[in-house]
Amino acid sequence: MGRLIDSGLEQVRNMLVRMSSLAHEAISLSLEGYINGVSTYLKVQETSEILVSTSDEVEDRVFELIARFQPVASDLRLLKSYMKISYNLARYGRYALDISQIYEKLDGLGLCEDWVRKHVEEMAGKVLEMIRLSIDLLEERDVKMAKPLSELEKQVDEMYFKFLDKLIDETSGVTKCIISSVLVVRYLERIADHATYIGESIVYIVTGERIMLR
Amino acid sequence: MVMQYELKTMYKFEVEDLNAWFGSKQVLKNIRMKIRDRKVTAIIGPSGCGKTTLLRCLNRMHETTPNARVSGKVFFNGINIYDEDVDPVQIRRKMGMIFQKPNPFPMMSIYDNVAIGLRLNGVKDRKKLDSIVERCLRMVGLWEEVKDELNASGVSLSGGQQQRLCIARALAVEPEVILMDEPTSALDPISAAKIEMLIRNLAKDYTVVIVTHNMQQAARVSDYTAFLYLGELVEYGPTKQIFEKPRNELTEKYITGSFG
Amino acid sequence: MRDSYSIRRIKDRLMLILVWSSLILALIPLFSILLEVFFNGVRAISLEFFILPTPTVGETGGIANAIQGTLVTLGLASLMGVPIGLMTGVFLSEYGGSKLSYLVRFINDVLTGLPSIVIGIFGYTLIVASIGFSVVAASFALAIIMIPIVARTTEEALKLVPASIREAALALGIQRWKTTVFIVLSGAKKGIVTGVLLALARIAGESAPILVTMGYWRWWFSGFNKPVSNLALNIYLFAISPFENWRVLAWGSALFLMVLMLGINILIRVLTREKY
C-alpha cells in the first residue's frame, strides 16, 4: 500500500539525483578547464547557483515533510540524510566554482613543471571517480560501494600530502603555479571529503549506523 | 477571457458573511472563505469552535437540527445555496457527506447500501446499478474485499470497511464535493491511514472538505487549512504555510499545542 | 462478632424464605388457572371442535365459526387501526417536538388507559346506532384499542434508529418522506411488527367491547354489516349457559385462545431477541 509521505520522499530523491548530475557536471567542467587552460567561470557559476537554490528547496521540502507527515524510523533517517546530502552536493558546486575562479585569478598549469601537472591530473581523476561513486551510491543504495569510496579517499589524502612534501623538497618553480596548484589540490582534497560524507549518509540511511569512511 | 473563466472555476465554494446559530447561541461569526475545486481543504480548531457547523452549512444540513439558524451566503458553483428558490435536497445530492461514526444503513446489504441513493432517486436499471456499485466499491478499495459477499449486511464489516462503504455510498450518487466530518476519529490507525490515502486520491476528481480535530491529519491530507476559533475564521491558507509559519499568533499556539 | 454474624445470617435466611414463599404464592393462582383451563379444555379438543360451528343443544359442534369470526374482526380492526397507529407513531418520532405532538402523545396515553368497555360504548353510539350490531362496529372499537399501542411501540422502535442513519440518508439527497419510509421504517421493521402483534394479542382477548358492538351470533360470517361469532365473547356466554356441551366448548375456546396468546408472545420474543 502506498503511503501519503511516499510521493514527497520520491520528489526529494529526484531533486537530489538532479543535483548530483549537476554537481558532477560542474566539477568535471571546472577541472577540465583548469587543466586544459579554458575559462569556465561563468558556466560553473550558473550551475553552482542552481545547486545552492535546489539545496534550499530540498531543505524546505524536507521540513515540510517532517511538519506534515511526522516521519519516524527509516523515513526520518532518510529525510535527515537527504538534507545532509543536498548540502554536500551544493558544496561540490561551490568547490567547482572555487577551482574555476583560481584559473581566472592565477591561470592554470601552463607555467608549471610536468610532474605538477601530472599529479594534479591524477588526483582530479581520482576525485571525479569518487564523485561518480558517491552518486551511484545515492542511486543504488548498495552499502558495499562505500568501501572503494573509503579507499579512494585515503589515496587522495596521501596524494595531497605527498604533493605538498614534493613541492617543498623539489620545486623551484613559478610562484603563481605553486599557489594555484596548491589551492586546487587542497580543493580536491576537500571534495574527496564531501564524497565520503555522502557515502556515510547513505550507509546511515540503509543501516541506521554511523560510520566513518575517512 | 480564458483567465476569467479559470478564476471562476478555481473555487467550488464561496462563503460570504456566514453566521450560524443553535437557538440563541451563535456558533459561526461572519465566515468568509473560498474553497478551491479539486483540492482538499481541512477545517481545524478546538472542540466547539464551530468547524462541524461550518461543514454542515455547506450542504444545508445545519438547518435540519431543531432550532438551528443560518444567515449569509454560500455560493456553490456560483449559485447561492441559501436562495429561496434553491431546493436543499438537490444541493445535498451534489455533495456526499461522511460522518464521524461509520453509519451504513443497518438493515441493508452492502450492495443496497451503495445502490440506495440511486434507487430512491429513480434508477431502476439493474445493470447500471451493478456497474456503479462495482465502480464505487473499487474507488474506495473495498471491491476485492467484499465482492463475494455483496448480500451480507453492511454492519458486518469492520469499522474501517464500514467507513469506506459509507464513502462508496456517497460516491454512488455522483457528487461534486465530499464533505467529511472527522471521518477517522472512530477508526484504528491502519484503517485511518487507508482513509487518508483515499482522501488524497479523491481530490483528483472531487472537492474535499474535511473537518478534523487531528492537526496532523490535516497536515497530511490537506492542501489548504482553515483554523477556526470560537466561531471565527482565524487563519486560512495553504497547509504548508499554516504548519510552517502561521501568520496568526493564535494559530501558532494551537498547532504547537500551547493553547490557553 | 460471632453473634452478630449469626444473627445476620438468620435474617438473611428469613428474607430468602419470605421472597420464595411470596413467589410461590403468586404462582399458585396462575398455574391453577393454566392447569384448570388445560385439563378442562383438552376434553373439548377433537376434529369436530375445529371444523364445526356452534351446535344446538345436545348436538356435537365446534368453534370453527368463532375462529372465522375472530379472524375477520381482528383483520378488519388491524386494517383500520394499524395504519393510523403507525402514522401516529411516525409523526411522534419523526416530526415530534412541537406542542401538537405533546398533545397527541398525551391523548394517546389517556387512550391506552381507557377501560375497553368505554371504547365499546363509544363504538356503539357511533356505529351501532346507525348500522346496527356488526363486524364493522366491533372492528372499529377494537381498532381504537389498537391505535395507541401501535403508535407507542412504533414511536419507540423508530427512536431506536440512530439519528446518524437519518442524517446519512438526508445527506445523500434523499427526500424526507423517502428517508422515513424506506430507510427509517425499514430499520425499525422488527419493533413495529412486535407492536402490531402486541396490539393483536390485546384485542384478541377483548370481550366487553365486542358485547356492546356486535353481541351474540352463532352462525358463520355473513357480511360486514352483520355480527359474527367471537372467541372471547363465546367463552363468557357459553360458560354461563345451562347446556353441558356449550360449557365444554367454553373450556375449549379458552384453551385455544390461551395457546394463541402464547404463540403470539413467543413470536414477539423471537423477533425482539435478534434485535441489535
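By written order: A, B and C. Residues from 1 in each chain.
Just so we're on the same page, a contact is a pair of C-beta atoms (placed from the backbone, for glycine too) under 8 Å apart; a residue touches a chain by one contact, two chains touch by 3 or more.
Since we're looking at a predicted model, the values are computed, not measured.
For chain C, the chain whose average C-alpha position is most distant is A. Chain centroids computed from C-alpha atoms place B closest to the centre of all protein C-alpha atoms shown. Put simply, the C-alpha centre of chain B and that of chain C have 48 angstrom between them.
Distance between chain centres (mean CA atoms), chain A to chain C: 93 Å. Of all residues in chain A, none touches 2 or more other chains.
For chain B, no residue reaches two or more other chains under the stated contact definition. Shown for chain C are the residues in touch with two or more other chains, of which there are none. Those residues of chain B whose C-beta lies close enough to touch chain C in the complex are 59, 61, 64, 66, 89-97, 99, 101, 103, 105-108, 116-117, 120-121, 166, 169-170, 173, 179.
By the touch rule above, chain A contacts chain B in their complex via residues 1-5, 63-64, 67-70. Residues of chain C that touch chain B in their complex: 97, 161-162, 164-165, 167-175, 178, 182-183, 186-187, 189. Within the complex, the chain B residues that touch chain A are 193-194, 196-197, 200, 216, 219-221, 239-240, 243-244.
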